[in-house]
Amino acid sequence: MGTLVTIELALAFLGLGFVVGIPLAVGEVYGNKFVKNLAVLPIVEFFRSIPALVLLFLFYFGASSLNLSLSPFIAALLAMGFRSAAYQSQIFRGAIKSIDVGQMQAARSIGMSKFKAIRYIILPQALRISIPSWSNEYSSVLKDTSLVYALGVTELMRQGRYIVARTFGNAILVYVVCALIYFVIVHFGVKLLDFLEEKYKIPGYEIKKVTTRA
Amino acid sequence: MTQTILKVENLHKSYGKTEVIKGVSFEIKKSETKVIVGPSGTGKSTLLRCINQLDPPDKGRVWLEDVEISKSHIDINQIRASIGFVFQSFNLFTHLTALDNVRIGLMRVKGMKEEEATKISIEELKRVGLGDKIHNYPAQLSGGQQQRVSIARALAMSPKLILFDEPTSALDPELIGEVLEVMINLAKEGTTMIVVTHEMGFARSVANDIIFMDDGIILEEGPPGEIFKNPKHKRTAKFFSKITQLEGEKAK
Amino acid sequence: MNFFEFAWSILPKLLQGSLISLELTALAISIGLILGIPLSLGRVYGNKIIYTVTTIYIEAFRGTPMLTQLFILYFGLPSIGIMFPPFTAALIGLGLNSAAYQAEYFRGAIQAVKDGQMVAARSIGMSKIKAIRYIILPQMFRLVIPSWSNELVLLLKASSIVYMIQVSELVSVGRQIASRNFRTFEVFLVIAFIYFVIVEVLNRILHSVERKIKIPGL
């Protein structure tokens, strides 16, 4: 059961990260100097420089000091979601930058606004290019879900702990099984992403595999 | 009787199902220069790589002086130290200066002490005209200069024979001359050389024999004068006439 | 006490904790380095058996969460009679994990060295081992610096996880302080700030080191 929660968490984090990450990336590449240096970069740097665990505690305890009562799940979601957004924004940024500048020029030349060009021309290509690096992010986030154990969320690791405690079970066996479960989920997820990459491939377009994990 | 440095007997080499070398035999004596020419893809470069076992042949035997080097239990590293190889793409060690590139074989393969290795290396670099570039890295040198360093690297090992695999094919036209000049001098000084090239001018001026290879076999072998004027095979004649056509146009 | 006075008062204890974190990181990355190089060589040059063994190791450590690995070492092993004190378990866990990641970085760098280099080394009579030692590895080290710097920073951040197996590093000290005066959020703000500063400084240092060792053309 803990596994389901884990997967749920991972998808939620990635989802939030995606939704926030794309605007961040677009802001970084196309935004003016203010947007880029005062808003995007500080956010990205902040979430990338501090450890995930610290971030989790920060959000969880920060909420209570602001007199908001956040469930551990929500606190974790916000913390890890925004963190993923920071990392994903870098992935998308790299992908957007690798697209030939002629694409934007062509889009504008037929009368598209910058916004439309980004939406219909740049992003579709950037997203395809991002898939390999994004699958790295997927496996990272999945593994990082284990950290929300610290906030008491009943995901896989905590379930494992309970099992060991309740049944005086063989601790090493339980945890090794946990490890195997993670391994399997990561593996299948990556295979699925590979499959998607193949399916949505643009014929004739050479996509270089870039591994960036900031 | 001058000593035979290299003897190749009935060499065969296949890549997958395609046979690239179909039974090649020849010899080279001390101080001779033999030039191998022929249409592209006929196994010339592969032949050179088979000689120093960078690409082991499937069948056939090779002798270096009196030692059969195609035997399986021979110390191939020692043999390679006595055969120089100059690559089409130079292959200089990118992280080493010119001096270090030349020195490293002496120090790490032959076990020479640093002073002696340095002395010899500087001499060889001067010999190829790069005495002032010994501390430069390959990326700081032109293609022609890089190739000359790689010749110095081969020379420093005091090899019994040097193999040149299309040494000027990757160079810009203006840089070919400086490399050919070094090679012509080497030939005149009595270095035993086997050169695969398209540079006919070079072949004509210093080769003792020209070997014409086509479709994996040696079609003809003979001194430049003879083979140009009286080729025995039609294909040889066709090849040379195309080349002289090209050179004639270049001259114009 | 307002925030800044509070922050100032807890700084000394926190910095002590961060020293432990740094120590752990430094030791772990060294273990990772010593193990990682043979692992990567095994994956690139090894025969089928060596390749399989090294790949299994690398996939196992990279495919599972660090937390799980630490739990297995600290909570799991005792059930078969092997008990490690927290710091040791942390060190082994971080070290072995880092070795797997570093091995992949090294492998990438080795494969980035052009093919012609190995062929040229063999052509002057170097054995495979000599060629790897004098020609491939020196180039690999220079090529791997950006990824390796990355790994160092990642490891520093990951070291916070060992809080969960009761090692007294920065986060653990922080929670201890917080349990006494309940100003948890502020404590963690300071901790976040400390990490931020350390990471920035580390990045700057690594950048300038990278620039200094640069070889033209590599």
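Going by the order they are written in, the chains are A, B and C; count residues from 1 in each one.
Note that a contact is a pair of C-beta atoms (placed from the backbone, for glycine too) under 8 Å apart; a residue touches a chain by one contact, two chains touch by 3 or more.
Nothing here was measured: the structure is a model prediction, and the numbers come from that model.
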By C-alpha centroids, what is the most central chain here?
-> C
Among all chain pairs, the one with the most C-beta contacts = A-C
Take the average of all CA coordinates in subunit A, do the same for subunit B, and state the distance between these two points in whole angstrom.
-> 55
Whole-Å separation of chain centres (CA-atom averages), subunit A against subunit C = 21
Indicate the whole-number Å distance between the mean C-alpha point of subunit B and the mean C-alpha point of subunit C.
-> 47
In subunit B, the residues touching two or more other chains are none
Within their complex, subunit C touches subunit B through residues 114, 116-117, 119-127, 130, 134-135, 138-139, 142, 215-218
Of all residues in subunit B, those that touch subunit C in their complex | 52, 54, 77-82, 85, 87, 89-95, 104-105, 108-109, 137-140, 150, 153-154, 157
Residue ranges of subunit A touching subunit C (in the complex, touch as defined) = 45-46, 49-55, 57-58, 61-62, 64-65, 139, 142-147, 149-150, 157, 160, 164, 170-176, 178-180, 182-183, 186-187, 211, 213-214
Parts of subunit C lying in touch with subunit A, wherever the complex brings them together = 59-60, 63-69, 71-72, 75-80, 108, 150, 154, 156-161, 163-164, 171, 174, 178, 183-186, 188-189, 191-192, 195-196, 199-200
